[in-house]
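We call the chains A, B, C, D and E, going by the order they appear; numbering starts again at 1 in every chain.
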């Protein structure tokens, strides 16, 4: 692994000079000095309700939210993304976990033929800072989802812009989830559209942007991934893992993304639907690829 | 009854350290040192208008709101949930009652085929604290309803998140009512859906979550109840009592819920539609089951 | 007349202890020590535009808003309810009038088949207190209308709850107008529905609630009126006068309401559509019934 | 001309005692000591876009907004009503003009069969006071438009009420434009409806109300105008000029309005569509009628 | 080039006297002492997503947002307009660029037959001032888009009015983008309609207004352009460049606009879709025309 140097980190200008060192610290911690982010996504209990945590093919242990904390605590990860409320109930027992607060959320109950998606900010940055300082929690960043192309897009763009400003004022790293979705969107996984989404994130000043992997028809071309990453500029792109696939297939696809410039990964179901030991092992594999940039062959050996 | 120890209570991290003892006190009082909550629901004068308080099969005394206060004052209960406005008119005569302020409410007049449900916060936490301190009222917690799957879900999720934060800052215990409802919801009592609802409550950081009992087709399986309770994690689940049924049937069902992990009960109509003595007797029975965990056979003897 | 004693007034708990005496004063003044409220409604210039003030069967003097102030100033009334703006233009010449500020209002132009009714708060309680103190106006209370069952119900419930809190903080008496109205409401004058409306007012903590008189099919049963009044608990019920009827008929109906527990009256058109002397005489008759509780026979003699 | 005496001006009670003299000054200036207001309306560049300023029958000079300032500066007028933004660009060269800030505005692009009209407040009263004091501008009042009967009526009623309160706190005179408009309104020029509109303005506490002249079918009856004016009470009524008509016809109609109680005039197109000299001459004629109350015959001689 | 003198600049009255010199400085810098503005538009990564930056006929370098900064840094331009978020990531390396912060933005995903356009303010003026001072960035102005004729027009008019006031308080120059758009607009490029748009900008007090060039049917008449410019009064008009055309054609059209009174240009795609050297060369040509007012023949020689 090539470590990035502290002085090579581009600190956004909305981070005050008194907080620049803290931002660098957060950035180095969240990426384990690699500049690449391995995000363990544990925010789907609102997004997908209990669909991702209970049922066929899902380990029984996943039915209990503490499973997420156990994995996050015992695995090599960059950051564990979940809601503030959940952390407020488990955080005292899992102080070592690096946290990223997911600031908004919605259920999947209203379908897009009924109404366009909208998701709003739950808590203020200052509430997070209070929680962090008061409990010495290891909170390194925040996340927020924008549904581009929704009729409520304007509300989410405004909230995102304000969050990025407020979070940077407090030295937090910001990850935007940007998903084109709504009646106006015919093909959510179109690479050119997703390149638009990463561009929007970069105009809003996000540190990282998480988008859907553009695999509409089989394996996307190098060019398609490149467009998506280039458009983000200095905002780094990570792809969401999507539905559960076989571990090998998952890791191969992830390596492919990293080779073409993705600066990390965001994985939820593919990790937490496994029982604890398997989940820890899988996190290790992802970490080895994303942070350590180990050879894919070497990583796959264990599967 | 096994008493819980003060130092075993998990205090949410958004309770400031200076308020932790007060939170523990409130928690112990509201559960009578048992960790289980017997909630007497008196908030339906807005939700159901006068339907629950007047008519066939309802005792005449229930027509007067003071009936609720008489029951709450003379019975063994965990907490009496009702609106601040009602308490402001009766509280001076019923200072011994343990109160939980229900913060929002809506009538049942607009049906879901006309518009999706929305219910908004009436008063601020600081108003409640003023009322509590100024009048030495025994206010231990607050409650709020979210209609998951409503087109207005986002507004309620945001209000709920902020209320939990503000209430914990003041050491109040928070109960969320979470009901999937709206045009998008086909089967409100589906266990998997309700497990989603308890999961949302846990992500928001509620202390207790009140959901509909998933009894779609006859008695639900142990597994169904277990899914609902597991998904809530450290947020405790209580089931709403639903329509009036025979006392015996009610108590048997409640015992069944408690056996499979429910951490309390929420009962309205089944209590207040009875005349005072009967209501007090019925509260005693519920209390014996929920708080004292007495044998169901022993409890049923009196009916 | 049986005077109520100062120490028998139930002071809502949201009135601060330093303002309790002032609240008692306002309550005694507004009810002339009787506990019963004779409200002269002069807020319809927004609600009904000029329909109530000009046309067949209406005295010419009613075309000028000052007519309302002349009546209120020269008659025996409990309180004169109208908008702050109107008072700000006439109050300097009518300082003796006991005022109640109607805080919201809407015109009757948009019909319910086009859109559900919504009416919003014009001015803040602090603005009213400023006006009151600065000009030594005799402002004793405030009023607000809620349209239950409207698609905008939530907005009005929230405003009402906040107004009651803020007004009580300033020792003002609060009258809620609560009318079920909107596409969802088939029969606005249904007694059971109106009992629901008075229950909502009591849950919000209003001092008085003004509802439509439930006279759907001829004279309503005692039971129907009793349900409406009981449901309100310690919130006192007054019925709106409705359309102009003959003076005798009006007074008989009012006496009937009072006999069954109504704690006052709210009258507009039946007063102000008369020329000044007639209006004063009619106010005297209402006052004799409501406040003095004189015999109906004695009161009717003059008509 | 009969001058009104300072001590005969009815000062609204929401003007603080420390500002009463300033309110009197503003009132006397805006009416040239006559109590009657000659308002030169220059706010239509938003309302009607360029339709009123360019095209057939309109003098070329009117294409440039400065034309309005030239007229206002060189003519006898009561007050020149326009947006703050325009004044901020020309006011330094036209410091002698008496200004009234029109606070809201909308274009005429969305027609009422598409959506009901809504127009919202651009700037705060405190911003106006800053601009006035900082630049020693001669700002005497503010104006605001309400579309009664629009589905957005509630929002505009609330803004209007707050503006009147805030403006009076700063001694400014308030003119409300009140127009019944929207899908619910069949006949905008109905006299009885317009009497409703002036009544609403009086309930909100406006100093002047500007309404459409009710000339539905030929010349309206004296009675119709009287209803409109009586309903306004102590709020004074001025009629908008409407479309361009011949100067003689315009002046005759204006005189007729004044004879029956109108307390001023509001004229836009009929003034500014003329070239400068003609416009000045026409302002003089209006001023002679409105403020000086000269004989109509004498005024018409010059046309 | 005729330089404008400092004391000839018309300073809007909402610029405080203590900031007038700074406003003059900003105005002179942004126009290079010419009074004419050459605006390089780099805000389309939100407006048009990646359509303008990747694909046929677009240089590969344009796929990376840094291309915009390279052009802006190495070319002669008046001001570079883009979002704050993008500047916060690149500004440390491009401190010499004169910036204008585009305050709102929307994507092009929702089409007007689905919903009318709305675009809202991302960040506050005070946030911009913080960023400017803290990092010594060369921020000279702000921009905001209004969609006239949209059903959401009112919201954007209000935001625009407040932004202009707040920005002038801080000595920033304001450019409004004003586009008639929405279901109500049949012909967006109609000259008379665009003259309405420039008139609205002038009523709001903008320094510059950017509108679509009214070239509906071939070359517009002098008269049409003159109407558009006259209507803006002291607000200066610049036309947006529109789709990519040949460089020669572009420059000829621009010169034509300038001859008839346009006070600058706004160009995006026609610049940044070229590779760096070509883009710099083209900026030079535009600068020569707009700021230096060189002869068109002389400028065209290089193409």
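Some observations on this one:
As a working rule, a residue touches a chain if its C-beta (ideal position, glycine included) is under 8 Å from a C-beta of that chain, and two chains touch if they have at least 3 such contacts.
What you are looking at is a predicted structure, and each value in this text was computed from that prediction instead of being measured.
Chains that count as touching both chain D and chain E, per the definition above, do not exist in this structure.
Shared numbers divided by all numbers used gives the overlap of an interface; between chain A and chain E this overlap falls below half, so the copies present different residues.
Rounded to whole angstrom units, the spacing between the C-alpha centres of chain C and chain D is 35. Rounded to whole angstrom, the centroid-to-centroid distance between chain B and chain D, based on C-alpha atoms, equals 57 Å. Residues of chain E in contact with at least two other chains: none. Judged by the touch criterion defined above, the protein chains form a single closed ring in which each chain touches exactly two others.
Against chain E, the residues of chain D that register as touching in their complex are 43, 45-46, 49-51, 53-55, 63-66, 82-92, 105-107, 109-111, 114-115, 118-123, 127, 130-131, 134-135, 137.
Every residue of chain E that touches chain D in the complex is listed here, in rising order: 10-14, 16-17, 148-151, 153-155, 157-158, 161-162, 164-165, 168, 180, 182-185, 192-193, 195-197, 199-200, 202-206, 227, 230-231, 233-235.
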